[in-house]
Amino acid sequence: MARGPRQLLAQPVADALQSALPGIVTAVTDEWVEVASDRVDEALRWLHDAPAWDAAQLSNLTSVDRHTHFEVVYHLQSLDLNHQIVVKARVADHENPVLPSAYPVYKGALLQEREVYDLMGIRFQGHPDLRRLLLWEGYPGFPLRKDFLGIGHGQTTGLQRFPFEDKAAPDRMINAGNIITGERHSGDAAHTGGGHH
Amino acid sequence: MPPIPAIDELSVTLAHYLIVSGVIFGIGVVIALAKRNAVAVLMGVELMLNAVNLTLLAFSRFSSAFPAGEEPLTGHAFVVFVLTVAAAEAAIALALAVLVYRRRETVDLDRVNLLRW
Amino acid sequence: MPASTEPYVLNIGPQHPSTHGVFRLRVVMDGEVIRDLDMIVGYLHRSMEKLAEERTYTQNIPFTDRADYLAAMSSNLGLALAAERLTGVVPTERSQYLRVIFAELQRIASHAMANGTLISDAGAWQTPLLYMFREREKILDLFEMTCGARLTTNYMRIGGVSFDPPPEFWPALAELVAELPERIDEYFELLTDNEIFLGRTRNVGIISPEDAINGSLTGPALRGSGVPWDLRKAEPYCVYDRFDFDIPVGTVGDVYDRFMVRMEETKQSVRILQQAMAEIPSGPHKNDVALALRPEPGEIYSRVESPRGEIGFYLVSDGTPAPYRFHLRAPSMINLSLLREMGVGSSLPNAVVTLGSLDIVVGEIDR
Amino acid sequence: MDSPGIIVAFWLLSGITVLSALLVFVARNLLHALAFLVLSFLGMAGLFMTLSADFIAVAQILIYAGSISVLMVFAVMLTPLASRNNGNSLYVIPALMGGAGIAGLVGAVAMETDWAEHSGEALKAADFPSTVPVIGDLLLGRYVLAFEIASVLLFIALLGAILLVHERPEDERSAGQQGEAQ
Amino acid sequence: MSDQPLRRPATPMLQQIAARPTMRGTLLGVPLGVKVIGALFGLAFLALNAAIAYVVIDGRLDGKWYDFRDLGNAVESLRGWTEDEGFHPGVIYGISALLGGLGILSLVGVWLIIGPWVERRVIAKFQIRVGPNRNGPFGLFQSIADALKLMQKEVIIPRGADRFLYFVPPVMIFVPALLGWGPIPWAEKMAYIDLDVGILFTIAISSLGVLAVFLAGWASNNHYSLLGAMRTVAMMVSYEIPISLSLLSVAMLTSSMRLSQIVAWQGHYHVWIIAILPFAAFAFLFASTAEINRTPNDIGEAESEIVAGFYTEYSGMKGGLFMAVELGNAILVGALMSTFFLGGYTMFGLEEWIPGYIILLTKILAVYFLFVWLRATLPRFRLDQLMGFAWKFLIPISMVQVFVVAIEASVFARVTAPALFTLGAFAIVNLSITILLVKLWADRLGYAVIQHPTKPVLTQAVGGLRAAERIRKPA
């Protein structure tokens, strides 16, 4: 199986994780550690803080649609120790996928989680500003899902109103709160558009 | 149809300037009294000062109270002082307007009706 | 109540001289001060990741051209490398050197563009930009000689590169490499002692190393903050471990440091080019590889150091010729994670320069 | 005053001045009023010019049209939430009457009085080749005290304006606001 | 996938450039007859020059209507003739005014056609490009084509714009740009209105543009416009003060506000005021670039920040008027700069031989070239930097300069030593005072030239935060 040149074997990571946070590891292979989906943020926080693993940077965050469930993949890396750890979370609910946000641990998750939400429809709880990134609010469906074959019958692409965005909330951004001052609104509140087809 | 007067009879005299200055002064008074906005009131005051300047200059030019060529430009010197005072007055008045706005969020003089703001 | 003006919304972009493409910043401003900032992207979204799921690995290489169109070679290389690691194909020795040469040429060209547009954002009336274009043109000429394309090169292949450079390539490259250090010194003279440029860029848009790492910044943005992280050294791919070069890191983390890191990296790239030209072995430029490779089910995350940072490819294979999942980690987009924190509270000119120093390519952000 | 140019200029310029002054009163928008005010100032400068007061005319342009109008612009822009409305208050009728009265009075006096004024050759003799040195001599000679007082006045006005508009630091301001609230 | 890529020659552009005919090659290829005729023309030109030189030395030209060195003579004799013929004074006045107005209008008009071409070609040379070269000879008709295009374009009035105030500013800003040319002397008697208060007039005229800029920005109902307008207004108001102060120094030194007299003073003493008042000249030049919105002070229309500043919303010829004013103002400032500081139409006695207006034009173009050079080289300041520079730096030092010049002017009026000696002493004193003041004041403000800006550290190590700390604080 393929591993990156600097990718750690997952078993020791899983063992350490399991001993520190019992019950958090749900599966492990050579390459990745799978953690309980509702405790991802705990696992990430622990890996970030543990000096032995020092997962200082969230290198990459993406997701895979496995038809029955989603996998969210976190590629963590330590710059000082120069290694890479792959953590996965299995989101079982294919209809209404929810996951804790990694933003409190990694600021770098800000846009990556927005992208995952946009294209795969996974909602990250605790994300300060969960909106669609590449597509516009109100786009029907989440195109990177495997069951997304096209825009459903009777639904428009919304191209007519593309430049004008969401007319219902024209000053959405101003009300979206301020990351800097900590006035945030919850991820749920941001989940306004995007009906499932 | 009355005969068209020769151009010399149309000549402009002191009275012409005084009338123009009186009219502008009157307009300035109306603006200063009738406007609600503090900045507009200031505009009226500036117009009045302008009218006064015109009077001073007109007297300086036409008046034969001084023999020609002797102390003729006193009016000009006075206008310089008026300009100075006008500039100072405008600065202070506009500062006051900004201050009033800061305290009361309006520069409507009808609503600035307390001596203390 | 202070004598402040009403906050108002300013739409910078999608058509704006300093957004470098169809990138839109929606800024709430109070006079000259930015109170809130939001970025709106997606105007160039072409659903590459979805399209890639229908195509073979080789067929996907042109998509990477169109993602980061200013550094097509680097993106090509990223996908080729990822696919090789997934399938176990070994590239030829000569092609490894060719890959290094073209990736470094691309880095010089891209940094020239980035720095040139940064200075244009600072208000110089395009003179430095056009000077930097001079070098970039020569490099693109080299690309054209080799693969027929200048921008969307589609050059790297699984198991090698698509063409061996023609004979006239090598003297042209030698000439370019010989004159580049002189040119770079010229830019240093023109810009590094320019008081206005220093005044505009120093202590503006500072990113601390902690924030840079935590915010997933990579590339010159990370190195400008003083973190010596370069995948060419940290995780040497191709034959980078055979070359002697340094990582330039900034000391303050401001716009000027990011600019200088790029300039210095250009010099280091010239060093690599010199060594690679001297050491390149002869041999085939490509291994014969089946057009439709069927890797075993599995996944790989492989990354290379593009001019903009870590460009990573996350490929999931299910045993068919097409990837089950194809994800491109776009450094341009992820480098913007801290944009709002940097922008809020600064002024419009500073924000424009800061955005310019992050060197975004909208094709890569939107994909 | 025999030059036809001056006669034409007088009627034209006084027309412009009076008309634009009227428009200042009529205009609905404060910034429109400001534009007309500047036009009025410029016409007034032209009138000064017909009185062969070149220095004063240019100073009028510089101070009124160039500076005071910009000051007013800043005042308008610094009071953003106030209305841009150039509306009239309840005093408009008395004000109109007063203004008309003053104008009529001045006009009547101007017309009825037999002014001891220059005309013809004497008026020509009152033309000055250069007003600036004479004004300078007057200002720094006979009226030097007034000149100095005016400079002090300007200085104090500058200081006063700065002090009035000066923003207190954030903490002090909030303390002041709390004090007011109590 | 063929192994043979489509190939083009290595650097097609370079080969094309190499294939171009050179100047020397062109000369060699000229036939003999053409050379002979050319030589004859050259000789005839030399003979003409010699004849002119003879007439000038002989003094036969002096003051005649055909004295081409001063076109004012012709107008003056025309006035004399009409007076003799018994025309009404108004007619005479009108004719001479129209002649002068025609001169100024044609100057500005011709410049508006040539100017863009000059600017674009010169900047192209700076930027290793070719510039406009397609339309007409050397691309000279490019600006005509541009003007035609601008005229044909629809003038779009933005929704919510103040219609009345939207249409006024382009006109309002054009008037001062033309009026400013009035008092400038082109030769001894060649000034349109040789105002007694020329300096004051110049300042007053330049202050008129402020309101037009503000109204343009405000009436457009666009945030970019308003931002640009407020920036420009703030900057123009601030930079009027250094301009006034530096011109005040000039007026005191020459004890006149009449522009022709300032030039005559410089011609009389054979000195340029820039040598005596270097700081005033610098302040004037710098502040003028701010007044006319040129690099490095073009923050009012900084295209990388606020698109086109206060005239973002003006399309067609209305926008074109703003651009034309900007271009015209550039040479107007060049003319003022030459008049006040560079000797105007005088050139150390050369004005006896060469028409003064040509000398002045040369100087104007030299200053204009400086502007273009700056534009092609420098980045832009930030608003706070610019305002700080004006208020903290230019104005205080200019004030000190005014005091020094006041003393010097009174000394100059009383001293009987040779003027050149006194003025030389003033020049040395002023230069040293300026240098000293600038240095002291910069130290006082805590400003120091950045000699060695931080360069990136080169390292072989790889790592994260800990490595960064190691690099920052080497053990």
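Assorted remarks:
Order of writing sets the labels: A, B, C, D and E. Residues in every chain begin at 1.
Assume a contact is a pair of C-beta atoms (placed from the backbone, for glycine too) under 8 Å apart; a residue touches a chain by one contact, two chains touch by 3 or more.
Since the structure is predicted, the reported quantities are computational estimates derived from the model, not experimental observations.
Separation of subunit B from subunit E in touch steps, taking the shortest path, is 2.
Chain centres here are C-alpha means, and the one lying farthest from subunit A is B.
Annotation: A-C is the more contact-rich of the chain pairs A-E and A-C, by number of C-beta pairs in contact. Relative to the whole-protein C-alpha centroid, the nearest chain centroid is that of E. Note: centroid distance subunit A to subunit C, computed from Cα atoms, is 25 Å. Centres computed as Cα averages put subunit B at a distance of 5 Å from subunit D.
Mean C-alpha position of subunit C lies 41 Å from that of subunit E. A separation of 33 Å divides the Cα centre of subunit D from that of subunit E.
Each of the following residues of subunit E touches two or more other chains: 230, 462-465, 467.
Each of the following residues of subunit C touches two or more other chains: 2-3, 9, 213, 227, 229, 234.
Shared interface positions of subunit D, defined as residues touching 2 or more other chains, are 4, 55, 59, 67, 74, 77-78, 81, 131, 165. Contact residues of subunit E toward subunit A in the complex are 462-467. Considering their complex, residues 9, 26, 28, 36, 38, 40-42, 45, 47, 49-50, 85-86, 88, 211, 213-217, 227, 229, 234-235, 237, 296, 298-303, 310, 312, 314, 316, 324-325, 327, 329, 333-334, 336-338, 340-341, 344-345, 366-367 of subunit C touch subunit A. Across the complex, subunit E meets subunit D through its residues 88-90, 93, 162, 164-165, 168, 195-197, 200-201, 203-205, 207-208, 210-211, 214-215, 218, 230, 233, 237, 240, 257. Contact residues of subunit D toward subunit B in the complex are 1-2, 4, 6-7, 10, 14, 17-18, 21-22, 24-25, 30, 33-34, 37, 40-41, 44, 47-48, 50-53, 55-56, 59-60, 63-64, 67-68, 71-72, 74-76, 78-79, 81-83, 85-92, 94-96, 98-107, 109-111, 115-119, 122-123, 125-126, 128, 131, 134-135, 138-139, 142-143, 146-147, 150, 153-154, 156-158, 160-161, 164-165. Those residues of subunit A whose C-beta lies close enough to touch subunit E in the complex are 54, 56-57, 78-80, 82.
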